[in-house]
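So, here come the structures, one by one.
You will see chain A twice below: alongside chain B first, and alongside chain C after that.
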Partner chain A sequence: MRGIVRAMATTLGTFVRGPVTREYPERHRPIPQRDRAFPLLLWDFDTDEPFCTGCHACERACPVECMTVLMKDNPAHTSLGGTSKRRKIIDKFWIDYARCMRCNICVEVCNFDAIAMNNTWSGHEISVYDRADLVMDLPQLLAQHKAGAIDEWVAP
Partner chain B sequence: MVANTHEQEFETQELLINMGPQHPSTHGVFRMVLGVDGEVVTDVVPHIGYMHRGAEKLCETMDFRQGVGYMDRTEYLANFNAELSYVLAVEKLAGIEVPERAQWVRMILCELNRLSSHFMFTGAFGTDVGVFGTAFVYSFREREVLLDLFEEITGDRLMYAYFRPGGLAWEVPDNFESRVHEVLLSAERGIRDMDGLLTQNEIFLARTKGVGAISAADAIDWGMSGPSLRASGVPLDLRRDDPYLYYPQVKFDVITGEAGDVFDRYHVRLKEMRESVRIIEQCMERLADGPILPERLPRMLRTPPGEIYERTEAPRGEYGIYLVSQGGNRPYRLKIRSACLSNLQALRDMTIGHYVADAVVILGSIDIVLCEVDR
Partner chain C sequence: MNGEIFGFEINIWLDALARLGLAVGLMTVAAMALIYLERKVIARFQQRLGPTRTGPAGILQSPADALKLLGKEDLRPKNADPWVFELAPYFVFVPIFLVFVAIPFAFGWQIRILELGLLYVLAVSSINIVGWVMAGWGSDNRYAMLGALRAAAQGISYELPLVIALVAVAMVVSLPGDVRGSLNLGEIVTEQGHIPYIVWQPLAFVIFYVAMLAELNRTPFDIPVGESEVVGGPFVEYSGIRWSMFFLGEYTALLLLSLLGAAVFLGGWAWPLGETVAEQNEILGVLYQFGLTAAKTGFLIFTVFWVRATMPRMRVDQLMAFSWKVLLPLSFAQILANGLVLVYGWPDVLLLLASGAGLVLLAVIIDRAVKRPAERPGRPSGALEGEAAT
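Presenting the complex of A and B:
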C-alpha cells in the first residue's frame, strides 16, 4: 500500500509542472543552430554564382553515394571577360535525399564552404508522394540560401 | 458418457504460440515461438535477423570516418557508446594521441547517453510490466531533455556521428557546462520520479520479484554482460575492470544485485543512473580548455596492418569492436561484439517455467536493441 501511495504522490507532483509536449504541426519549436537536416548548396552573392566548383570532394567522401556532381568551365571567369575568380564551376548537382544519412561529412570535406546542412524546419518537412521527387537538382539545392531563408552553420 | 471428476488427471497438450515479429512488446522486430503447457512456458525459440543490414560488411567498404555513422545505426539508443568503441579501436591501431579535453567530453557524453538509454529502459519496461503509459511518458519527458542537449551539441537527436578517430568532430557550444548542469538536475528529478513510481509499487513488485531469475554461473556461461550480468551478483564493469578514457580518475561504485531476477535487473539500472550522474559531476570539474583534435591528423587516416579488440561498457553491456587492418584507410574485417545478442541467449533459461504473461516482462528486462542484435 505504501508503494502505491508513493507512486500516486509522484503522479500528483507532476500536476504542478507545465507540459513539455508541443503541438507540433501547429507550433514549431525553435531548433538549434547546429541542427542537421539535409545538405544544401550556398550562393555567393558577391559574384552571383554558387560557391561550388564541382570538385567532387563531397561526392567521393559520401558514405552512401547519394551525390552526383558535374563541373564545367566557368563562363564568367576573368579570362573569358567575366568577373569571377572561379575557373571551374558546378554544372549539374543532384543529391538523393532519400539516401542521405545526414552524417555531415560532405560539409567537413568541402574546401570552398559551398555546402551546409539545412538547419531550418523546411529541411525536415519534405514529405513527397514519389521517391523520385527527393532527388534534388542544382536549382532546388541553391534556392533556399539564394532566398536568404537560412542562417547556416558550418563547423569551424 | 463419463463426466470429468476432480480426481481425474487432465491430459494437457503442448501448444506453440507465435509472438512477434510485429508485436508491440518485443522492442523491435523480434519473433519468439513459445511452447506453452496451459499458462506455463515450456520452450522458447527466438528468431532474430529481421533487422540485419550488414553493418559489419558495409564498414569494410568505408574509411574510418565514414564508418562512425554506421556504428550509430547499430546501437541507436546509446550511439555515443557505440561510436566510442569504434574510434577507440581505430585510435589504438593507428597510434593517435587524443587530447585531454576531447576525452573528458567523450566521457560526459557517454554517461549522459547511458542516462538517456536507461530512461528509455525504465519507460519501456514499465509498459511491459503493465504500468501502462505513466512510466513511459514520465521517462520520455526526461529523455527528451537529454536529447535536446545532444541536438544542441551534435545537431541530431539520434544519429550523432560526433566522435572522430582522434577526437571530436567540432567543439561543444559555449554554454555546454551550464546546460549539462541543468540537464543533470532534471535527470536527478527523473530518477527520483521513476524510483517513486516503480521501486516500491506493490503491483510492480508482484510482477517482477522472483521472475526470470538466472544464477551468476549461468549468466557467465551465457556470456551476459552489463547490468543484466551485474544483477546476478557478478561485479564486472569494464569501466573499472578494463578501463578506457579517464575512468580510473573518477570515483564510482559498481552496482550489483543479488537474486538476478527481473526486479534486480531493473534496480541495478536505476542505481547505475545515479552513478552516472556522479561520474558526470566529477568530469565537469576536470573539464579544461584545450584542443579537441590532435595537432597533426592526416587528411585520410590510414592504419598499419594489425588487429585489435576494443571493448567498452555500453548501457546494455560489453560493446566490442574487433578490427582487422591490412593497412590502408579501411578495415579489412570488422566484427561487432553485441552485448544484446549475448544477453538474449539467456532468454530461454530465464523464461522456461514462468507464465506466458511474464515472457514479455523477462524480454523487456534484458533491454534489447534489435538493431544491435542483428547489426
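Presenting the complex of A and C:
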C-alpha cells in the first residue's frame, strides 16, 4: 500500500516539475563563449582590413589540410602611402568546412590572432545541399566578425 | 405532440433530433478533446511536451488524427464474419452514446430526466461488452479472440462491484419527507447540496473508482488491449473509421463514468453552494453548476490519467481475484451495513463509520496482497530430472 502511494507521489512529482524537453530548432539556448564551431577570420577595425597576413602558419599546421591561403603585398602599407603597418596581407583564403575537424590548431598557431573559432549558433547550423557550398572564401569568412556578430575568444 | 427544449415548444421529432444531435456532437468533441488532453497530461507525467506541431500547443492534433483515420482504407479480413465484424463498433459506440441521455450537467440540464436514471445508465452501458466480444469473434484472429474473452471476463466481473457500489449510494439517498432511496440521478445530485456522498460512503466510492478503471480497460486493468500480450486486443484487425469508433467509444465512456462518479459521489453540480448561487442569479447559477460538474469530472479524469502514468498492468488471475474475492464481498458488506442502518433508523454517522471501516479493511487486504511473495508455477519435476540427465 505504501508502495502504491509512493509511486503515485513520484509520478505527481514529475508532473509538477514540468517537461525537460529542449525545443531546439525553435528555441536556441545560449551557448558558451568557448564553444568551438568552425574557424573564421577576424577583422581589424582600426585599419579596416583583416588581421591575417597570409603567413601560411595555419595552413601548414592544419592536420586535415582544409585551408588554402594566398598572400599579396598590402596596397595600404605605409610605404605605399597607406595607413597599415602590415607589409603583406591576405589575398585569398578558402576553408573547406566539410573537411575541417574543428581541432583549434589554426587558432593556436596564428601569430596575429587573426583566426578564431566561431562560437555562435550560426557556426553550427550551416547545413547545405551541395558539399561544394561548404568551401568558404575570404568575404564569407570575414563577414560575421565584420558585422560584429562574433564574441571573439582566443585562447590565452 | 410537442416537446420542449430550452423553453421553446417544438415538434417532438424535431425535439428528439435536436437532443440526439446535441449528444452526438458533445460526445465527439469531448472524445477528441480527451485524447488531446490525455496525450498532453501523460507527456507531462513523463516530463515530455506531447503534441506541439499542429496548431498552438498541438491543439489541432486530434482533428488531424481524425481526418487521417477517416481517410484510411476500411479493411476487412478475408475470413472475418462480415456482419459481426462490421457491426461490432456500433455495439461499442451506441450504448455509451445512449447513456448520455440521463447524465445531469446542471439543475434541469439533462437530455432527458429519467425517474430510473441510474438503473438505465448501468443497464445500457454494460451492453458494450457485447460489442467487444463481437469484434473479437468477428475478426477471426486468435489475438482478437483472446482479447475479447478477457474483455468479457473483466467487464462482467467488474460490472457487479460497480453496480453494487452505486446501489449502496442510491439506497441511502434521503429525500424530503423522510423517504430514503432514489434512482433519479437529478435527485441524487440535488440531495448532496450540503455533504457529498463520498463522505458517507467512502468505501463505495473507492470500489466504484477501481471498477470504473476496469470497465474502461484503463491501466492497471488494460489486459484486454495489452499490446505486449494480445497486440491490441479485439481491434487488431480494425482500421480507419471503425477503429476510430472504438476509440471514440472508449474515451466517451471515460467521460461518462467520470460524470457519473462526479454526480453520484462528489456532489455533481449541487455541492458546494450550487443551488444558493442559482437562487441569486439564474444564468450565473447555471454557469457555476456547469463549472462544478466540469471541475469534478475533470479531476476524476485526471486521476485516471495519473494512475495510467503510474501503474503497471495486472495479471489476469490477480484481476479476477481482486474483483471476486475483495471488491464484491466488500460491496455486499457495504449494502448490508447500509440496510441495517436504514431499517433500524440509526444515525447517518454509522454509515460513515461502517464505510470507513470497510475502507481500512480494503487497504489492509491490498497491503497484504502486495507484500505477499509472488507464487510462480514451478516446472514439473520430471522435466527437470530429464534435463539433468542430458
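Here is the rule we use: the second predicted complex is superposed on the first by the 137 of 156 C-alpha atoms of A that agree within 3 Å, B and C clash if a C-alpha of one lies under 4 Å from a C-alpha of the other, contacts with A are read in each partner's own complex, and residues count from 1 in each chain.
Quick note on the criterion: a contact is a pair of C-beta atoms (placed from the backbone, for glycine too) under 8 Å apart; a residue touches a chain by one contact, two chains touch by 3 or more.
All values reported here derive from a predicted model rather than from experimental measurement.
By the document's definition of touching, both partners, chain B and chain C, reach A:A7.
Of the two partner chains, neither chain B nor chain C is touched by A:R27. Of the two partner chains, chain B is the only one touched by A:R36; chain C is not.
Once the two structures are overlaid, the count of chain A residues touched is higher for B than for its counterpart among chain B and chain C.
Using the contact criterion defined above for the overlaid structures, shared-chain residue A:G18 touches chain C, although it does not reach chain B.
Taken together, the two structures place residues 1-4, 7, 10-11, 14, 20 of chain A in contact with chain B in one case and with chain C in the other. Those residues of chain A whose C-beta lies close enough to touch chain B in the complex are 1-4, 6-7, 9-11, 13-14, 20, 31-32, 34-36, 61, 63, 101-105, 108, 117, 119, 155-156. Only residues 1-4, 7-8, 10-12, 14-15, 17-21, 23 of chain A touch chain C when the two sit together in their complex. Chain B meets chain A in the complex at residues 62, 65-70, 73, 134, 138, 141, 144, 151-156, 159, 161, 169-171, 173, 193, 196-205. Chain C contributes residues 41, 43-49, 52, 306-307, 309-311, 363, 366-367, 370 to its touches with chain A in the complex.
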